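In order of appearance the chains are A, B, C and D, and numbering begins at 1 in each one.
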Amino acid sequence: MKKLINEPEDVVDEMLDGMVAAYPDRLRRLDDAEVLVRADAPVDGKVGIVSGGGSGHEPTHGGFIGDGMLDGAAAGEVFTSPSADQLGSMIEACDGGEGVLAVVKNYEGDVMNFDTAAEMAGMEGVDVSQVVVNDDVAVEDSLYTSGRRGVAGTILVHKAAGAKAAEGADLDEVTRVAEKVIDNVATMGTALTSCITPDKGEPTFDLGEDEIELGIGIHGEPGTERTDIMSADEITEHLTENVLDDLDLEDGQEVATIVNGMGGTPLMELFVVNKRLQELIDDHGLETWDAWVGDYMTSLDMDGASITVCAVDDELKELLSAPADTPGLTVTE
Amino acid sequence: MNDTDRQREAVAEALENVTARLDEEKSHLTDLDSAIGDADHGANMTRGFRKANEKVQDMDEADPAELVKTIGVTLVSEVGGASGPLYGGSIMSASQEFSEEGITAETSVAFAEAYLEKVQDRGGAEIGSKTMVDALTPAVHTYKKSIETDDLEPLEALAKAVDAAERGVEFTTPIRARKGRASYLGWRSVGHQDPGATSTLYIMEELLATAQT
Amino acid sequence: MKKLINEPEDVVDEMLDGMVAAYPDRLRRLDDAEVLVRADAPVDGKVGIVSGGGSGHEPTHGGFIGDGMLDGAAAGEVFTSPSADQLGSMIEACDGGEGVLAVVKNYEGDVMNFDTAAEMAGMEGVDVSQVVVNDDVAVEDSLYTSGRRGVAGTILVHKAAGAKAAEGADLDEVTRVAEKVIDNVATMGTALTSCITPDKGEPTFDLGEDEIELGIGIHGEPGTERTDIMSADEITEHLTENVLDDLDLEDGQEVATIVNGMGGTPLMELFVVNKRLQELIDDHGLETWDAWVGDYMTSLDMDGASITVCAVDDELKELLSAPADTPGLTVTE
Amino acid sequence: MNDTDRQREAVAEALENVTARLDEEKSHLTDLDSAIGDADHGANMTRGFRKANEKVQDMDEADPAELVKTIGVTLVSEVGGASGPLYGGSIMSASQEFSEEGITAETSVAFAEAYLEKVQDRGGAEIGSKTMVDALTPAVHTYKKSIETDDLEPLEALAKAVDAAERGVEFTTPIRARKGRASYLGWRSVGHQDPGATSTLYIMEELLATAQT
């Protein structure tokens, strides 16, 4: 394994300092914590939007801090939920008096630590509301699993909730739009190679030279099915069919789509996938209102991509296209 | 040396041994977690226990309940992930059982029961979900019965509990996960041993080894 | 080799369609050509800024089309300069009556094809000016080489020239600022792994498990030196020293910096590099005016990064921070 | 069949053979380019010649000069890279030598000289820069001398030229590149054979093979 790192145990700490060094006017690091917040946090009179989780998904989470998106992001160790302490300090640092919405991805570690943090912050008098994103259709949502995972669709939750908060809406309203995105978004991904965590230094799972993993998670958790390599078109068809099946949309429905790279896949290939995705959206009688292509929710150096579809109404369209100014995503009017 | 001092030393020594053992098993735990999780259980456990060990070795004055609570608090703030709140939060809250009478046969049973209950409260896993609960449940049941019904000495009871935990760990292999990251795998989780159950067993083995010396 | 592609020979064509499908309001593809232009090209009364070269460097080149940057970009086959025909059609499509500046990277193929294209367009009455970017300090600039290569510093040329053109400046002025960036920018890169071209399907060069290539080009051309793997800090020091040696700046000089990912490197690692880079800039008595971190000029799936430093004066600061709205780079006021 | 028809058929047949040969050698050319370039010379050459071949096979009426020019124009517009303008542009412009008298011993010498000159004009490479010029120069010199001084038959002259080109290709291996991507490598380019010189040789070998049948 070769990586551009120093000691594996320092990578998160050094990354955070490197982010602040890149955006000193926008980001501030909380003392002694692996937490980034807006340089001007807390923003008085605005609902704070925070997120967080394991590191290794850059630009998620810290890269989406800024006007119109997040106020704070906690960075756990690679693929490990931040501790409740860290999350608690973040929530308090982002409360401008109107309360804080925590956007949680559905992993037991994240959920348990955010729960504890919300309790702690509540005791300090901060109004906290939580939403749990679970857009990954690869995982069966049943009593026999810990539920669907939160993956790339999370970015749309950050965007919509962030825009609503920027409008001056109250915590209930901000929470409502976050839930609305969650109710309307679905994602599925595939891996061509495993990621390699700095600590382990070897692939998390072994994939044969001609195999791919369908339904991959964003932590190198093995997916749900292993198959022979297929063409980009076939893979796109498989992922898109599963996503659209889950959403079960009406004819003519407008959607936002994301082709999200897992970190190691060239942008060139993501556009090849997007070409087929847009054909399929059209074949299904749907209409793409906006298409995003890029690395939003990565998994270190994993080679692969996920496809997200989100049904949008006028409210979501307005929120998703509202201005945002963050290192990882800029939307202009 | 009074009773409190002796108990403090025992806790510190046990913690030292647990930390060393987890260090040794770090890559094995990570390998288990690679197969059905996200390859960080070894790093999570060692990060937390090393820090807890550092803290506790400096606490010359504290009583056993405080020491145990410190271990829990440190795990909560250092580990993150699923194992941070499960191990840390449960140790933290179960430590209350030692606050009045220190560590006795009876309070150790109460601690064990409180710990298991807290893990289940927080994580929602049942026995058979293929988690640490599968190692814990037989261990706690066996320990309680050995002490309360069979009137065994704590050391003997603990030895039996370790055996029970080992049976629990083995049991996790052939079953399908229902909780934790392994549950995402559906049927493909069958055939793999659960990392959290395994680390639970290692910790118990070190508690026993410490008690035996 | 596993890639998210269909047939290797279709990848550029499909990528271009996938880009237009992602940004239909911004991009238009010329008929029967591997050329993207602004949807509203030519922009009347504005100098057109065009670029182009082999594909595989995404978001370069087409990803930088938009307000404040490029008007057109020609996409050759992977790592192969576009033909003079294609370049010629692009130049003509981007002439709004005020002439066109072609930003060429210094590779013999690019230079020869752009020369021919400029001649052809000249015969059609288009005023064409060309600048050749050669920021790669890894290559000795002497009679014994074909000169320094053009690499990540090119993005700053696109940005500054694009901003100047957007202001309404004439072709001479736009050319002057492009040259100014070229005179003040230097870059050097390293590879941890080789890229794999879709056509060949195997690594272009072999690097041992513990080796890295210093001074790598952006086409998988082997670099200038092969060494044992070093820490991120050591690599950053090596690249930065070479770049700063070349520029030989005065104490207190303000600079813009880029940590550019080669495609396969996680953003996390680029921030680790940026941390050390900013410390070094400081140690050298220089001052970072702006720091960019991301994938700008990639080399397919190559693992590695390059470091660019550009000395900036008031004029360049104004141009580099002027608004730009493109898929690959958005700058807001 | 008149002279023009015969020459047209010869050009078309030669092109067919060249295209087939480049197809065969595609991955070898790419491997050579991997070592000191960017791994696309095989793809570049086959893409261009396949297209040129398609076009020329349909041109039943054209004279030999037009056919050759079409080959050049097609390479210019299809290949890109360094080899597109070098091969394509030079063929295109040298084709003029055939426009008055068709292909004769004399015009073929003129063509060869014009072609080499154009490659050097455009690319700026000298002999010894480790490029296609190193295969071309000895081939053109030998061909010219064989015809003009030694009065050999074109077929014999061509055979000698191919030998000379081969010597030129071998010569590229032990020297340091001064032009093309290989020049970026400095001394590390020593020990590798130049791809463009190699493809030049293959093309000449097929011209000879076609002439021999």
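Here is the rule we go by: a contact is a pair of C-beta atoms (placed from the backbone, for glycine too) under 8 Å apart; a residue touches a chain by one contact, two chains touch by 3 or more.
Per UniProt, the chains are A, C = Dihydroxyacetone kinase subunit DhaK.
As the structure is a prediction and not an experimental result, all values here were calculated from the model.
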Check: Farthest chain from chain C, comparing Cα centres?
Finding: B
Checklist line | Between chain B and chain C, centroid-to-centroid distance (C-alpha), Å | finding: 55
Next item on the list: Let me have the rounded angstrom distance from the C-alpha centre of chain A over to the C-alpha centre of chain C, please.
Entry: 29
Notebook entry, point to check: Distance-wise, how many Å sit between the C-alpha centres of chain C and chain D, to the nearest whole number?
Noted result: 32
Notebook entry, point to check: Does the chain-touch network form a line, ring, star, complete graph or other?
Noted result: line
Item checked: Chains that touch, pairwise -> A-B, A-C, C-D
Next item on the list: Provide the residue numbers of chain C that touch chain D in the complex, in ascending order.
Entry: 9, 54, 76-86, 107-109, 112-113, 116, 138-140, 143-146, 149, 197, 199-200, 204-205, 217, 219-222, 224
Note to self: So in the complex, the part of chain D that touches chain C is made up of which residues?
What the structure shows: 27, 30, 34-40, 42-44, 47, 76-86, 89, 122-123, 176, 178-181, 183-186, 188
Checklist line | Touching residues on chain A, where the partner in the complex is chain C | finding: 2-6, 11, 14-19, 21-23, 55-56, 58-59, 63, 192-193, 209-210, 212, 229, 231-233, 235, 259, 263-276, 278, 291-293, 295, 298, 300-301, 303-305, 323, 325, 327, 330-332
